[in-house]
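All chains are identified by letter, namely A, B and C, in their written order; residue positions are counted from 1 within each chain.
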Amino acid sequence: MSETSGVFRASGVVTFTTDFGLKDPFVGVLKGQVLLRFPQARLVDLTHEIEAHWPASAGFWLARSFRYFPAGTVHVAVVDPGVGSARAIAAVEAEGHAFLAPDNGLLAPVLESAQAPVSRRVSDEVLRRIGVGVVSATFHGRDIFAPLAAEMAAGRLAPADLGAVVGDLVPGWLDEPVVAAGQVTGSVVTIDHFGNLITNLEARHVRRHRCGSLVTRCRCGAPTPTCGPGSTSRWSIPSG
Amino acid sequence: MSETSGVFRASGVVTFTTDFGLKDPFVGVLKGQVLLRFPQARLVDLTHEIEAHWPASAGFWLARSFRYFPAGTVHVAVVDPGVGSARAIAAVEAEGHAFLAPDNGLLAPVLESAQAPVSRRVSDEVLRRIGVGVVSATFHGRDIFAPLAAEMAAGRLAPADLGAVVGDLVPGWLDEPVVAAGQVTGSVVTIDHFGNLITNLEARHVRRHRCGSLVTRCRCGAPTPTCGPGSTSRWSIPSG
Amino acid sequence: MSETSGVFRASGVVTFTTDFGLKDPFVGVLKGQVLLRFPQARLVDLTHEIEAHWPASAGFWLARSFRYFPAGTVHVAVVDPGVGSARAIAAVEAEGHAFLAPDNGLLAPVLESAQAPVSRRVSDEVLRRIGVGVVSATFHGRDIFAPLAAEMAAGRLAPADLGAVVGDLVPGWLDEPVVAAGQVTGSVVTIDHFGNLITNLEARHVRRHRCGSLVTRCRCGAPTPTCGPGSTSRWSIPSG
């Protein structure tokens, strides 16, 4: 990678990750608001089936997905239990990509895995400058995130324009895995389409345990209440 | 808004609202038929999870969503219990947007909420002119709506080309809310992704009642048969 | 159709048919990988709700849908029980369209219904040439199919570049319908969004039977285990 690989240069691509579901028109409305400001935007859904109000899953998938998109992509993630409160909007620039999300820990997995990420909080001044005025209490995706993403994807707003660099975004939702003699402890992040429980354990965590990387995905008959994504319950890997 | 704000000028954007679901290839086929005629179209899903054969919900969301899209957008809504019968195709032009739907009451909420809407029924002659010949009995979305939307989004067909202005589209599916002393009566339109019952009551209907605008959305444990969207049952807001 | 109608000339459109579902970011990642190589691609989902590991349904819908897309479309179908094994990648060119899928019988319905299809297996050499190196054992959609589709949609890779013509792709999953006196036997392929059982029987199979084409779709109260898509169980049409 060149020395400037970390700098965001807009590619015109915007991805969306939300817990809005596809039953209602909310995702479509987000896209309408982007196209209103930037008709040439190319819009890609990452997923809209994040568990309601569970930012950990959104950040988990985003951190594992963003590198498959062109550099210069704006990744918008809105899983926002605190919508309408005073929580800030976080912007991260990393490896040539830009990320926008509520400052609620959602982006923590991106910060952990990306090289040399730079974090900012979006200033009220920049929102005023792009004409975001009175916003709803319940739909910041439409009223704030979509306009911001459009301006960035169009190359009219750079990460450095968004606000001052900060070092203290809200921390993530999951404890780091704990590796001990004969036991590795991690968290179930989500359940995928095929019924696999997806955890935050990686191959390196179980390298020295007998059952190896296979158990980082546990295929269950049916999810039980204790391993649902909302409970962040732990399960232990039996090893010798 | 300027004096000509109501005139439709194609932006190239097409939105889709249907009850087709996403399990089958029907939505994809609609888009293929648009791209066949207008490769530059930008296609946005509003939702495909409208309750089967319940146009009220499609019109409800469309009326509340269309203004978030660029002027010049063509909004296609196909929830069509009468497909294959002699029902006409309705076209509405309002606030610079164009709407295409079966003439079955679906567009009534748009007519109620939009400024100076103009309604037409699509003539057989215009269908012949754009090369829509023999059509299937079951898939007018593909055979009629997609070609029409493509021609309009491409700017080759204006609302005025579609047919004569009419004043009598089929009326909507929902009774208007009734505001009485101590009681407001409305209809449940749909249940959203988060489990909220969505009604056609607005803040103005409950302005003078004690519980205020909060109750225009009722969060239930589980939907009961009496408040499903197909039953258009009423519930009363207890107020003092 | 002209004499050259069977030749693939890239239109820039790519369709996707998978069993990935929409809960996880896998479909989005596929699209990111296409846009990375060909930013002008126009991407259309056919469906991502194919029953897990049931290629028959993917091929069935693809064969019935592809003609509604512009000639020059690349159709990518990934339902791949054998991912990670030595199974080849099949490429079919037919009626001006290109198809990419695992060589597991998925494309058999396309071969049966299309005029003058030409089949190939994708050579390792062409993968190396487009820079597809080490691939994962579990996600060939992202690592192989998306890059191939991007190169073809961009017009940089023609069907003839993919490999030698072959005459023996893996056969399809469904038995041909059997028409006998008083009985027609077919297979249930899938259950659609509206609850219809979809079979591989067509009007021509029941032409001489009393109940006619109506029974090629059987509306059931609830699907029973014996007619699930994975079982390929048969049902008989009662006729006189």
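To be clear about the criterion, a residue touches a chain if its C-beta (ideal position, glycine included) is under 8 Å from a C-beta of that chain, and two chains touch if they have at least 3 such contacts.
Computed from a predicted model, the values in this text were never measured in an experiment.
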{"item": "C-alpha-based rotation, chain A on chain C, 0 to 180 degrees, nearest 5", "value": "120"}
{"item": "Same or different residue numbers at the chain B/chain C copy interface, by half rule", "value": "different"}
{"item": "Whole-Å gap separating chain B and chain C, where each centre is the average of the chain's CA atoms", "value": "32"}
{"item": "Of all residues in chain B, the ones touching two or more other chains", "value": "22"}
{"item": "Partner chain B, residues of chain C touching it in the complex", "value": "11-13, 15, 17, 22, 42, 44-49, 61-62, 64-65, 68-70, 73, 192-194"}
{"item": "Chain B-facing residues of chain A, complex", "value": "20-25, 27-29, 31-33, 35-36, 39, 43, 52, 142"}
